[in-house]
Amino acid sequence: MSNIFLKILKDRNNLININNKDLNKEELFIIGKKIKENINSLFNGSLAIRQIDAGSDNSCEQELVALTNNFYDIERFGIHFVASPRHADMLLITGPLTRNMSKAVKDAYDATPDPKIVVTVGDDAFDGGIFNGSYAVLDKISDIIPVDYHIPGNPPSPKTILLNILNILETNRKK
Amino acid sequence: MSILFLQFLLEIMFLTIIFLHLLKKNSDVVLAYIVQSILISLVLLNSFIETGDILILWVILCVLVVKVILGPIFFRRLIKKNALAFSVSTYLNSPLTLVLISFVTFMAFSNKLLPITNIIPSYHILLSLSLSMIFLSLFLIVNRKGALSQIIGVLSLENSIIMFIVFAGLEQSPGLQIGIIFDIFVWIIISTVFASMIYNKFGSLNVTEMNRLKD
Amino acid sequence: MNIFILILQFIFIPLISPFFIGLIKKVKAMLQNRQGASVFQVYKDLWKLLHKDEVVSNDASWIFMIAPFIIFGVTLVVGVSIPLFISNLPVYVSGDILLVVYLLAVGTFFLALSGMDTGSSFGGFGSSREMTISAMAEGGLIFSLLTVSIVYQTTNLFNISNGNIFIHNNFILSIILAFAGFFIVLLAESGRFPYDNPDTHLELTMVHEAMILEYSGKRLALIEWASANKYVIFASIGANIFLPYGISHNTAILSIIFGILFLLLKISAFSFIIGVIESKIAKFRFFRLPDLLLISFIFSVIAIGIIN
Amino acid sequence: MLQLLTSQIGFYLLLSIFLIGSLGSLFLSKNDKYANIWGNAFAILGSSLGLIFSVSLMLTNRTFSFNFNSLYQHFLDFSFNVDMLAGFFIGVISLIAIFCSFFALGYVKHFYNKYNIGVLGFFYNILIASLILIVTSSNAIWFLIAWEIMSISSYFLVVYDRNDESNVKAGFLYLIMTYVGTAFILFAFLLIYKYTNSFDFSIIKSNINLIPFHIKNIIFIFSIIGFGIKAGIIPLHIWLPAAHPAAPSHVSALMSGVMIKTGIYMFIRLFMDILQPIPVWWGVTIIIIGAVSSLLGVLYALTEHDIKKLLAYHSIENIGIILLGLGSSMIFNFLGMMSLSLLSLMAALFHTLNHAVFKSLLFLSAGSVINEVHTRNMEEYGGVIKYMPQTALFFLIGSMAISALPPFNGFFSEWLTFQSLFQGIIQLSPNFNWIFIVATGSLAFTGGLALACFVKAFGSIFLAKPRSQDVKHAKESSLSMRIGMGFLALFSILLGLFSGYTTILLEKVGKGLSIFNEVFSSVSVSGDQLFQINKGFSSIRSFSIFIFIILVILFSFLVFKYLINKNQKLKIDKTWGCGTDLNSRMEITTTGFAKSIILIFKGILKPSLQSEIKYHDSESRYLPKSMTVTFKVNNVYSKYLYKPIQKIFNLLSIKVKKIQSGNINLYISYIYIILIILLFFIL
């Protein structure tokens, strides 16, 4: 075990570096127009994300999990995943909204204290994606809870998700 | 009255108790009891003469009236009414009872019991004799099966206690006299009621029937 | 001068405790070959939580509402009554070891009650596990502090840390044993690794985290801060009682600064060790924890045994 | 007036008030309301007089003893000796009795036209009077008479609620155990009488050296068993968790707060006063009994889900702690360290007082909860705090006091016990201090487990969602019940606040005993309650801690509530159950809470887990109708200790039964033979 630590401490150049210039390259849908006045100063330092699976096929989850590995490492931007919506500031909803998950998503939304941001990740979450119109899926998540931003992609790569989250924080700060 | 005469009376009483053990018929047993009571009254008379205490006179009167007259009459009527002539069987056969009687009297006379029998050194023999009479009448109760003879046993126990007390020189104390009188009355009542109850409950005066009471 | 020291003593623990939690996270991140959050991230988290609104469950009673203030207040009280950077505080309420132990028990008591208050099964199980661990840890804690108080012939923490180094050295073996027992209890009470994984998301394995699932906003910040305070309290007790090198014995400015530096150094050493431990071993199964706590109790009993 | 009060007349006045109270309530038993008011009013009057009597006696140190000799001159002179120790115990008894009677005024209402209230009032007053008589009597026979009155009156109070079959059975078990105890006490006193041929405690004390050494040990064993049964030490504690829950709550508060203390009183009276030059192994056995009782008591409390049984087991635990203090005092006494012996005796007395206060507070508040929810099973409570907020506050104060949390009184007496044990570890040579290490270890673990147990108790009763319909229409207890509980809670705070002054008072009480007159105390108490043990070894300021804690909590409340983010909105919403809506069956209950601790200690507790499935139709095993899992801790003592004894007695009695042959002559011959044998022996 200790030789692994030595190897780690020797070479440390595996982080992908993100600087401001490639922030605005990835496109991003803005849906909800809610302007939150005290949001800009609050979240620049620390952001707690609660990921809700509204019936996804686990592809978006893989990408979100990849965010926490040591390539993308969202912790260094002060973003961390939390266990309960009570502690969360941002709700990442993945997957088409299935019928019996609608109540759970509504509960999670109510349980999150304000000010909060709701982001849907992946095309399925936007309008049910390929499952659109099926009896088991309620097409639009925004019918149940107000959605603020949407990250397109099926599934969006960890880099796009990361850039989009940082982008969301940027747009919020500008408002 | 001289010591000898008293001793003579006591020996007769001792004989009556021996007879009580050996007799077969109830009526003879009652007869022996009458003899005992007469002897008791004689001895009390003697102590009355010596001490001149009026109370003892009363005691003698009661003894005579109750023990000699009333008691036996009542017992006779009981025997006649319930026709229990031959029910005086005993646990031990007569030779064995005799051996036990001798052993008990020997024990009463042994010097182990000296402190009791030597209260008044001069009356030593009389006291040890009455002590043996107490033990014998107790043994009588144990030995007899018939309820009537057991009652007679208890009464003779009571008489021998009186004898013992008289010779121990305690007849003066008022408490004792009241005790004797009281004892006489109460005991007579109890024994009669007891006998009649046993009889109509068990149909016979044989005590062994009673072990059905055991759960 | 005394007032300044008193105020410094009062605000010292709450100020530096988030830093050390951040330091532990940083060490773990470094060992996982990732950059990890900055060391001051916990300050930002607390600051953000303090300014957020709250969502409270309708089954919660007044205990749920006031528990965070009591828990945080208790850590402040304990913060004042233990030696930090100066060993003979001009005026102190009381530094008795039993008072410190049982005051921390008040904090655990209310935390466990607030966990059960909202009626969620996770909170209930969190409090049951927390109380089991703290019940088993109490023996080891009291006995390890008792060893040191026997060595220095006083149970007052300030007098202990004021004792001269010479006594310390010739009982060094029993103090090391007691320190080992104390370190095991430190991990238990501050909810660190072999007992409970602080940043787990799986509710079934949580102990400390499960009790505060229901809290949000300001109250959550207070409880997080209180648990950070508790960690630093234990670390500073360990630092000043078991390795009292460098603590200042008088109220000169220089020695105080020196004392603060040494204290920070020692506590960061603690945090570094804990960070390494948390990366090296896995979380123990729940029913192997009592054996570990019993080991700490036995260490202290042996330490007492070999003193005289 | 005070001088008059603390004298013989005052004492008789005290007893007569209780007598009038008891007879009056019996007399008025036709009308429930009057009987209740009369009985409890006189109980309050009597016990408040008792409190004044004892406090004035302790402060002015005017002890007196008198005897009331009856016609048998030397044999049965009823002599009383009201010294400092007796004064202290009268104080404890009357303090608890006042508030139990206040509580009873409201509580007994639910017994109206169900049982005869007059009888309850009668036995209640008799019980208090007999308690006072026990602690003041200084003649063995008089003591035993008072002991019998106490046992019988408490028996009738235990079986008062006789519709419930288990109460009568519990009362029966209580009676048997009490009489076994009394038998042992009788043996002990007879042994003492044999050697000192007197029953009077003062005479026994003066010629104690007549008793040879081995007899003294036998007396010690007999009195340990006899008074241990009443105090409820571990192997002999079976009746306590059965009898205390059966009694009405204010009686079980009085019983477990004060009645088991009579056992402790007699331990102190016998071992520290009368049989004074005591060997060391007595102290060692008492400490070991104390350690075992406290540890096992709290473990069994953890397994309980009946609230009153849980509190009864906690009485056993606290008795264990008191015995730790007493045992260490006896060991110091043997080793000649009199000031330490006084210190640990003070610790034991202080814990007796504290335990009486917070245990009766807990029993009363538990009683008022049971009164509303009509069941003693904690599984069916839940969320009672929303319906009975004040009772919940009192129970919270009681449970914080019993688990020795700082601002309350439980902490300071446990702190004192800890200090005396620490002194034992430090000052004694290795062959003695291992006992103190064992005792401190058990005390430390007991403190932790007691905390866990009371989080379980408070949490499952008062917090979360109601788990049964009765809880929903429970309403706050009546005013008199709240007064009783409120004052007890206030007392438990005041005793914590002024623990310095109470320690000085207890030191005077300790000095009342003859062995401690010229001993300098190792505890010095200065202005704001700072008292130091042994020249600064350890010190604690009860007053300023209390104020400091309150100030800091208030400071943090104000700063964070109003200074930072003042206009913070608070939204009320459902509990977050990961999306599923939680119902009341999903929250944790007592068995769930304690399961992990029980499994850790399964070696000692031997839990048994039975699961049983009922099916719709027995052939097909696929449609289970109901599945029940019972997680039970079986009673080790009755299985391994009491059942074998019972079996032996049965065998013996069957053998002896053979002599009952039913034949009269045989019986008379038995008498005859024995008469002759006796004659031979006597002459």
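As written, the chains take the letters A, B, C and D, and residue 1 is the first residue of each chain.
The rule is short, and it goes like this: a residue touches a chain if its C-beta (ideal position, glycine included) is under 8 Å from a C-beta of that chain, and two chains touch if they have at least 3 such contacts.
All of these numbers come straight from a predicted model, not from anything done at the bench.
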{"item": "Chain pair with the greatest number of C-beta contact pairs", "value": "C-D"}
{"item": "Chain whose Cα centroid lies nearest the overall Cα centroid", "value": "D"}
{"item": "Chain centre separation (chain B, chain C; CA means) in Å", "value": "96"}
{"item": "Chain centre separation (chain A, chain C; CA means) in Å", "value": "34"}
{"item": "Between chain D and chain A, distance of the C-alpha-averaged centres to the nearest whole Å", "value": "60"}
{"item": "Separation of chain B from chain D, taking each centre as the mean of its C-alpha atoms, in whole Å", "value": "63"}
{"item": "Touching two or more other chains - residues of chain A", "value": "84, 86, 110-111, 113-114"}
{"item": "Sites on chain B at which at least two other chains make contact", "value": "none"}
{"item": "Numbers and ranges of chain D residues touching at least 2 other chains", "value": "569, 571, 573-574, 576, 578"}
{"item": "Touching residues (chain side chain A, partner chain D) in the complex", "value": "84-86, 101, 103-104, 107-108, 110-111, 113-114"}
{"item": "Sites on chain D touched by chain C in the complex", "value": "382-383, 385-386, 389, 392, 396, 400, 403-406, 411, 415, 418-419, 422, 425-426, 430, 437, 440-441, 444-445, 447-449, 451-452, 454-456, 458-460, 462-465, 536-541, 544-545, 548-549, 552-553, 555-557, 560-561, 564-565, 568-578, 582, 584, 586-588, 592-597, 599-600"}
{"item": "Residues of chain D defined as touching chain B within the complex", "value": "660-665, 668-669, 672, 675-676, 679-680, 683"}
{"item": "Footprint of chain D on chain B - complex, ascending", "value": "91, 107, 112-116, 135, 138-139, 141-145, 150, 207-208, 210-214"}
{"item": "Of chain C, residues touching chain A in the complex", "value": "25, 29-38, 41, 44-45, 47-49, 51-55, 199-201, 203, 206, 209, 213-217, 220, 276, 279-280"}
